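Next up: the structures, one after another.
Across the two complexes that follow, subunit A remains constant while its partner is subunit B and subsequently subunit C.
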Partner chain A sequence: MLKNFLQTMFNNIPAAVYVALIYFFIFLPVAVLVLFSFQDSLLPIPPFQGPSLRWYQAIFADFRIMEALWNSLMVGVVSAALSCFLGFLAAYGLARYPVRGSGAIQWLLVAPLSVSYLIIGMGLLITFKTLAIPKSLSAVIIGHVVINLPLAFAIIYSQMGEHHANLERAGRDLGAAEWQVLVLITLPLLWPALMASFFLSFTLSWDEFIIALLVSRFDVTLPVEIWSLLRSGLNPKTNAIGSMVFIVSIFLVIITEIAVFGRRKSK
Partner chain B sequence: MTLTKMKLKGWGFIGPGLLWTVAFFAVPLLIMAAYSLFQRVGGRIVTDLSLSNYVAFFSKPHHLNALINSLEVTLITTIVSIILAYPLAYILAFRIPPRWQRIALMMAILPFWTSYVVRSYSWLLVLSSNGIISNIMQWLGIVDNPISLANSRTATVIGFVHFFTMLLTLTIFANLVQISPNYRKAAADLGASRWQILRRITLPLSVPGVMVGAFLTIVLALGDYITPQILGGFREVLLPQAIMLQIQRQADFPTAAAMSLVLMVVISIIFFLFSRWLKIERI
Partner chain C sequence: MSPMVEIKGISKSYGKTVALSEIDLTIAEGQFFALVGPSGSGKTTLLHILGGFIEPSAGRVLIAGQDVSSQPPARRPTTSMFQDYALFPHMSVGANVGFGLLMRKVPRTQRLSRVAAALEMVGLSGMNARRIHQLSGGQQQRVALARALVVEPKVLLLDEPLGALDLNLRRQMQQELLHIQKKVGTTFVHVTHDQEEAMSIADVIAVMNNGHLEDVGPPARVYIKPKTRFSATFMGESNMFEGTVAGRSGESIEVDTAFGRLKVPGVAEPGARVSLSIRPEQIMAADGDTPGQVPLGVLQVDEVSFFGTHHRCLGRHVKSNLPMIIRLPQHQAVGIGEKLNIAVQREDIVLLTQ
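Right, the complex of A and B next:
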């Protein structure tokens, strides 16, 4: 298999060289990041000394970083769950009930997708300031639901086909109550879409920086904490956190792959 | 169930999500728009409505320059990223054996999964005066003293191009694999060379993928604060940096609100220009 692959590649030398160069460009910063997270000296720059795990020990011993990590997980899970819940309800309402102005409602629900995070964050910051609401992690959750609700809604709505509606009608004819139809028929049918929305929302929230910076103060999320670490310049500790986040994200991607595509394949 | 009751139930389902979007998205934008008409005088917000913040934006060279810098950097980024991404997407779509395609694509976008802030930081490791590039150049004898590419427009563009090459590879690849192979086969049967097939068949049919990617690139690059702040520094300020400076250093919310709305209008104009390629069914 590998031999075939190499043969195909080397039949076409310019293409092979191009692919090698561009993969080098794509991997370069990440490789440098991970390599120098194992640096044994005080600066993450050549020459490489090590490998050493001292900077990983340093981040696990750092109270602020661990708290930021926990905050990020909490904000991610809560905002993703809320986005999926609200997105599912709205999608169900729009797909199954005759509502006037459904076009306008859909437009409004997905409108935040077309506005920069910076502008959404600025709007929330000014609004909270006007209403004298203090900056907090709850404010970050509110902002993250604003950016993730459109995605969750769009993904779930796109999966609410007519054949699902028929199964729901059959359930009702057989005497199921409204909540039974929702829990026993609609939700299981939409499970892949809900999982995809949840993990996508979580990933975006986990990585979101500018809204979190604008509307939080004392308790911060991980990207904001990393941001404040950057003030001390190049630091192997930052490399260690960055590498860890990278590994966690890859792990999440693989889980999403299995949850979403694995199911599809098995059908 | 009567129709009225059905409608009421429908609103019951839609209500919470809609309310959230109105309360935390639409209303804040309106409040921000109102704020952009206020002024900050002597540390206090004066609520007399006027367009003075907008007039100031377009008459103060350092604010207008921030917008021009942003547009220039975004344009360069978009063009370079398309040039780099197209051949990669093409090779992934047509030259790699199918069983390797998925893994090759996943590898091509692997750094997507590093944290956003960390991605810019890791370019700093490469580009700074004691970083990899400087060391290699000295070792090769190209330069005698450490050189720094950081804190410059070049660094910002490199950071952007890295990210958006991955994004554009995805959108162009998705478009290329949807083109029916029959068109390419028919052209080959009729005697077209590989170059002619590329130029007359594949390239025109892949325009939507390029345009969707270009649109996302432009919108995300124009609104990004991190990359120019970490890699570009303050030697040359882009619009999002200028907006953040108004908040962090001056606490001038009315001016920051006006600048944000200028950014929003610029993005809306670009959306309008690209709208013919952005129909959902074409993606």
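Right, the complex of A and C next:
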């Protein structure tokens, strides 16, 4: 497939140039960011001097950045796990039992995908204020579940078709109790979908800024911390953090790809 | 033989659509029973009611004398072989076959030996460690059979399991199913839309149509002496014609038809309109003057095709213009446009009153 792709691409030189330019402009900012994280002088601007790891050393020594990093990891893991758990329950109920108004329920579950994070963030801010829930990391977790649950639900639900239902039926036919069907058949079959939703949710939470900014106060996540660093001017330190965030995101995308598409290929 | 499955007044409707209406059926122990019918006839619904996957709207199911109507599939003494096999793709062949035993808490050593024996029975010895996706369609089929039989069910339910196989493999698997059924002696209930398959493997056939039973009996009886018009046409080609009962004498009646007055075995009131049917292979090219034969007149042949075992001729009855199908032996080739004298054995004319 890749070979065919390359062949058709090089048969058509203008198209190849066009594609190359697109990728160049997409990745230019990231490349510049990563490059200047190795800058040896005080400003992340040309000319490039170095390479040096001094800014990486600086961020690992910075207590506030390390705490924000830890907060981000924690918010990501907890909100992704909650999204998958709730998404699975919703998908299981809607896919396996006749539910009245199931179409409307599905629409409502997926609807938040079409609302901007800013609107969701403001809505949460007002809701939390009314309910007297203080600004905190827990509030950020709730916010991230709101944006990731629709995604987790959609991915898991799409994998629970008639074929899986038939396999569960076969399990019951052979004498499995409901919990045994769930543990021995349903969950192992859904494993790729669960992994995909978990890592996708984690990646989105890891990157998310607006909601985290609006509903947190003293303990903040990494994107919010980076933003406050940026307010005091450009600094290769922010480049170093940015590169780290980028590497973690890429790593998660690769894991998701392997978990979902790798399995599919082997079938 | 004692009854193994008793179906008593089973009905199923979905809203206003009636899928099954008042089915009464008894299946004897150790029988290979086939439910045959066109799609939408309710045969699969009935099978799923036996397995416990569908709850009937009315009626009861007894298995080995016990009322299982309110039991879930896991508690019933039945197992199923599904149309798409429903093998667990995340488990090995051995784990698939051993699943039912694991659920029944059979100790490990015993489980392993029973799995090995079941795989040997279906001709897959030593395949324990294979993954499901490494197997061919036919092999997956055997794993499904082993998985369902290893728990020693009282009744095995087969939901068109041979539907996805090509013709040769299909015939081979039919033979094997029959062989295995005779060996283990389990009662098999097999659903199929292929009447040849049903006849070749089953001890007893039930023909279903529109949610009710048309005919139940041994294959030869159902084919040769069908009870209803539907079962006469569904179980193979048939020449169907109408007639009026002219007279009655004991166990036979005289019927006025396009072929003249025919004397046929059966009972009906004089004056009644009845249907008669004759299988194409029972009509022969003969004058019909030998004892026991009934002359049917002259047939003009319109189309001929050679099927290997016979010539299939489409034609018209010259006097009445009635379309007919007949099958002539291999050596009796006829040309298009030829006129044949045709006749039939008296006992091969079947009276259909339903």
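Simple rule for what comes next: the second predicted complex is superposed on the first by the 250 of 267 C-alpha atoms of A that agree within 3 Å, B and C clash if a C-alpha of one lies under 4 Å from a C-alpha of the other, contacts with A are read in each partner's own complex, and residues count from 1 in each chain.
One rule holds in what follows: a contact is a pair of C-beta atoms (placed from the backbone, for glycine too) under 8 Å apart; a residue touches a chain by one contact, two chains touch by 3 or more.
Only a predicted model underlies this, so the values are computations on that prediction, with no experimental measurement involved.
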item: When subunit B and subunit C are modelled together on subunit A, clash or fit; value: fit
item: Subunit B versus subunit C as contact partner of A:V77, first or second or both or neither; value: neither
item: First (subunit B), second (subunit C), both or neither touched by A:L167; value: second
item: First, second, both or neither for A:M66, with subunit B first and subunit C second; value: neither
item: First (subunit B), second (subunit C), both or neither touched by A:G175; value: second
item: Partner chain(s) touched by A:T127 [first = subunit B, second = subunit C, both, neither]; value: first
item: Which of subunit B and subunit C A:L118 touches, first, second, both or neither; value: first
item: Subunit A as apex of subunit B and subunit C, Cα-centre angle in degrees (nearest 10); value: 100
item: Dominant contact partner of subunit A by residue count, subunit C or subunit B; value: B
item: First (subunit B), second (subunit C), both or neither touched by A:I185; value: second
item: Smallest distance from any CA atom of subunit C to any CA atom of subunit B, in Å, after fitting; value: 8
item: Contact residues common to both interfaces of subunit A (with subunit B and with subunit C); value: none
item: Footprint of subunit B on subunit A - complex, ascending; value: 1, 4-5, 8-9, 12, 15, 18-19, 22-23, 25-30, 32-33, 36, 43-46, 86-87, 89-90, 92-94, 96-100, 105, 108-109, 111-112, 114-120, 122-127, 129-130, 142-143, 145-146, 149-150, 153, 207-210, 214, 222-223, 226-227, 230, 234, 238-239, 241-242, 245-246, 249-250, 253
item: Contact set on subunit A toward subunit C in their complex; value: 163, 166-167, 169-177, 180, 184-185, 188-189, 191, 266-267
item: Touching residues on subunit C, where the partner in the complex is subunit A; value: 51, 53, 72-75, 78-80, 82, 84, 86-90, 99-100, 103-104, 133, 147-148, 151
item: Complex contact set, residues of subunit B against subunit A; value: 3, 6-7, 9-18, 20-22, 24-29, 31-32, 35, 84, 87-88, 91, 95-97, 99-100, 107-108, 110-111, 113-119, 121-126, 128, 130-132, 135, 162, 165-166, 219, 222-223, 225-226, 230, 240, 243, 247, 253, 256-257, 260-261, 263-264, 267-268, 271
